[in-house]
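Down below are the structures I want you to see.
There are two complexes below, and they share chain A, which is joined by chain B in the first and by chain C in the second.
And then the complex of A and B:
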């Protein structure tokens, strides 16, 4: 035991044990979903505690790398696979909160699935483990493994409701597009390896060390490699022009599953992108920052323009997610001057989106495929609390003052302006105003249009807690943003 | 022309890999049968393996070979899930053409 450091991979271990535990409980103790909830909740709780512990340990004794090649003295000296730093610790905390909320929101779907529900829960935990692996990986091959662990589980999650048409279509499209993105990503890694002779982000034989020590008069292969890595990650966070799969997948998959797959991947892909670009390829900042800025601009334009035309709420949220991927890419650029802006945007957007999709599961059913915006008519009368929650989440995504979304956009745009991307900030501001249209339309439909039914959606205790928590975070961080910003300021990656 | 001019260097392998990768990518984007698209993805992953092995040999480091093992494991996992999804679609619709999969529309 002595020479294996468990803390750096503690969160992954907790989630994997939890996933296996859920399956074992389902096999041995029967199909009571309450038992699975206890195991999964314990795994997520332990994961959160481990992330906090990592934060504390890093604060006391500094960042560290783990799982490297051993030198003569028995200590890891090179090719480390995992970095333990506050970057990964905060990413873990955010992921655990998001996974927990998403699982609570989709629990009705787990119950409806019967005995297969346990597999769904286990897959979500496995996928979350892969996502965190992406955030903490100190090697591009490791990042690929994490990416695939997260993605392959998500393909299955998207197609989980195989009895309903649309779910299989969703899974197929996600699988083909996702595998394509993964292939692009790993080819990019191979080209980077060809150019620099390394896949490590840290240590004496890392990519950064090679680039610092060798002037590259002809960096063509390296630049193609960086570009393909960027494209692969942009695919996963559904940034334009690599977003075509997202609306179909979101619409076809069960709403409960969408809450997790839309937020978790974004958190992981954005954090991984920051680590790879800044730690691995900082010497080529001028080249990749321009590419990131272009993808960001295109995402914002395409996402905003197409979201306006949608009549299906999940498609609308998917296209709004494309626009938010653009804002997040601005945050990646802004990370040069302030990393807290990126974390703030990631955390608040993820929580708002999970909250919103939990409301959708309550109103339209957790297993529903397409959800028309019309189905929210008259919600203000039928269930004022749910309608108010929708208003909070939509205000936050639109960036209305008083919500966390406003502060997130403010800090990101300020930092991006300081990094020299004023044109991008102007574009993003214009798009934010245009975005008001489709966010406010949901609120108008919910409050000012009458519905044919008087049916009040039944809000169970679980979703009620999840929605309440998301509303509290959204409003709370909108009014007291320093609570998270001060915290996130320290969440730097190992250098 | 001497023999050393004709020696097959890592560059040739990388060029071949790039060609295979392009064929895979084009196949994926133009073919409409899910199985063929899937084969294209496998071709892309194998060209990645070829790049890793050739570069690893050239640089005299084991990292390339080890990376190849990881890519193969991941490809195998993808095959398992991908074939299962394709079979599930085929059982429901009796077709593996992605053009038939167009229920989701905005």
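And then the complex of A and C:
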């Protein structure tokens, strides 16, 4: 029984041990980044294996909750903190793949940092542990702890290149606004507790049980609480109007760090949002679905409109990320009829984005801050393979058939239409046409224009593998989406 | 049964891979190998035309489900409506490759793009699953985008982006409509399905039908292009390399007109009858407007591009006139336009290689320096204008005869387009070829054997279709008839027919169903 009880938090433990291990290795065995890579890679690998193991165990003996307090009778376990289900297991697998790819992409930056590189790696592992905690938390308090663990590490990562001024500034901005969002989130939790007497998502004393048993004629406080929780999570996934930090942080932080920051936290926040809204507050679907739909529409409009005007690649990707946050929120709404669509969108977008940012680290340097789109000029001639990879990622983000991005949009929009959000589908599709302007611009610069230099970007084995993997996933899932969809259909949260 | 269609669509994919694998040191092999490989789909298409059962209906049908929960799959088939578009596509690609001998920059990527394009276009014409259709419809954009953007002329970036975004804008409405169609049919079919034949059986409210009709129509109208959505076309055609223009005009535009028949007419019969006249009106405005604009173009390639808009108007008019003769005329005109306009773009490409100018004013007197060239050009002009005995005549004449019965006024106006075509094309011919040759044009070389070899097969088909179109018409007749009968069954529409005295009258119920052999014999003459 002993090891079973630790399986639900096995992934967090693995990452934690890995983070400490990297620091210990750095202190005792010197500054060879190769050693850190082995430790971090092992931690991520073990994390992935644990997620797979969770999937198998859940498949055999059902979902389970863990880590509670003893009940009033001294025996029954109440207020369980962590849920072990296929939802969390799949989230863990996706997260581990993304973190692994992002670390490979940022490895050049880790080397450039010298002895501080170990801290950077450790912070990424810690932050990833927090992100996974968000996905599996069965209690709003636990969710908050996960959120803060992930965020605080991210604040430091954002400002890690402290000798560059932009980096400092953006990290400060991120920290202030992030703390504000966290405060709103915890205030929302408090209001929910005030209204329902519970912060738990599962069990006999959960929010859902209370709402099922008690009609709420005036749910004002509860609705404000749900709204504030939404704001906190929307901030993390950079949905409009809570997105202002994203472009500055993306531009200020080293490119290597952005790959992890931009994808991991989106995966965690979207998955956590689905669990909280559907498990905790399903009785109020009509209320929160409208709020989510409005945030989605605003994100898509704002993200698309502002991305068109950007000349910096990372700012462009940040704003396109805002638009994609909107698409992901549509997926959250559509999760009512099809959760696999949500997972598919989340996983494929994350992989494409990490792949794209890895290409950026290769072309413009892993520690670079601002990266002008001009730096891709003539890449089609200088380095055809890299340019082809860019084309694949851009077409995928734009949702062109033949890539996973198209299938993701197809399944999400079909599910959203089924859920009655046709206006949102029309808006999203028209906006994705406008989105072509900035996705195609990268391709135009890379393929249609000649550069002054003949310089070929040096691609090392690591990034080459990461980019190749991302391209393979993007094209492969575009052609055989059932590989992931069939799998994701089982990834339901504990009920 | 051997999966003929999967084989047909798969051949260009294999060809693209083979081309990509040819080592750098042997790059002189690229063109010959590509040409050889492009003959294979042509052989398959030839076999299909030869063995096609004139009884009609979908043939070589394949159906495999790819995504179970949405019932999306590889469902394909060819009927009399799509057969000749498949054949035209397979025919124009080897020609385009031969016409690309002057491409030196990144030839490998160019040829790979061509083969991906061929896959997409063939897929569009055979797909019987709406998502599959949409996938092919969109995939076509990618190679064309690169062809215009990398191998186009001076203003290529602008043209490439405009082309891509403009068409993708229409596709967004297409995708919304496809999804809404499937969701609407969900309760009746007990599942979400994107299968064309299943969706065609589910009734829908006339409001939804109207919305979806226009959702599909916008996408196809941009592709055709229909006035006033045509502004991407002159840029794209003018900036594209020769093969790109040939394929754009020859087959890509036909994806729109084909879509009108396959989806708008069949899925939304009620809305087609109700709003078809407005689409026909736009088509006729396009015929006249584009012809007038073509007349004043100083750039010969732009002139031909506008003539495309004008000619495509006839096809759309014929489709929405909803008579056997007019729709058949529309389909055969799709093939004709692909041949004659394709030939014009090829010829312009050949002269551009020699002079590097497309301005009509820079030419003059070419008839004396390049007699063979000017002969072919005059021939293509005659085919395009619709000289009896050449293919253009058959198509336009059938469209006009057939549409007269449904839209008499529009048809009269459209007929002026035939006259205007003669004006702008012959006037252009006069300015380019007659008179004394200018200094720059004195030493131009006439066509070489390769160029003649490109043009001869097209010329042969132009004459063949002009003199003996019966095999083509026979193969499409039953399927076109079925489309119109379907509209008659599900709406109050009844096709006008000539009675024995030759007077026009609106027929009364007597003629229900597929029995209309009396009328069809008139169509094939």
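In this text, the second predicted complex is superposed on the first by the 485 of 495 C-alpha atoms of A that agree within 3 Å, B and C clash if a C-alpha of one lies under 4 Å from a C-alpha of the other, contacts with A are read in each partner's own complex, and residues count from 1 in each chain.
Quick note on the criterion: a residue touches a chain if its C-beta (ideal position, glycine included) is under 8 Å from a C-beta of that chain, and two chains touch if they have at least 3 such contacts.
The structure presented is a predicted model; accordingly, all values stated were derived computationally and were not measured.
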item: Partner chain in contact with A:186 - chain B first, chain C second, else both or neither; value: first
item: Touched partner set for A:306, first chain B, second chain C, both or neither; value: first
item: Touching partner for A:141 - first (chain B), second (chain C), both, neither; value: first
item: Which of chain B and chain C A:348 touches, first, second, both or neither; value: neither
item: Touched partner set for A:162, first chain B, second chain C, both or neither; value: first
item: Contacts of A:444 with chain B and chain C, given as first, second, both or neither; value: second
item: Which superposed partner A:248 touches (first chain B, second chain C, both, neither); value: first
item: In the superposition, chain B vs chain C on chain A residues touched; value: B
item: Partner chain(s) touched by A:367 [first = chain B, second = chain C, both, neither]; value: neither
item: Contact footprint of chain A on chain B as seen in their complex; value: 10, 14, 17, 21, 24-25, 28, 34, 37-38, 41, 44-45, 47-48, 51-52, 55-56, 59, 61, 63-64, 66-67, 70-71, 74, 77-78, 81-82, 85-86, 88-89, 92, 98, 101-104, 106
item: Contact set on chain A toward chain C in their complex; value: 338, 340, 380-381, 384, 395, 400-402, 406, 410-411, 413-414, 417-418, 422, 425-426, 429-430, 432-433, 436-437, 440-441, 444, 447-449, 481-482, 485, 489
item: Complex contacts: residues of chain C adjacent to chain A; value: 66-70, 106, 109, 131, 134-136, 138-139, 141-142, 145-146, 149-150, 156-157, 160-161, 164-165, 168-169, 171-173, 175-176, 179-180, 182-183, 186, 192
item: Contacting residues of chain A [partner chain B, same complex]; value: 79, 141, 144-145, 148, 152, 155-156, 159, 162, 165-166, 168-173, 175-176, 179-180, 182-184, 186-187, 189-191, 193-194, 197-199, 247-248, 251-252, 306, 309-312, 315, 370
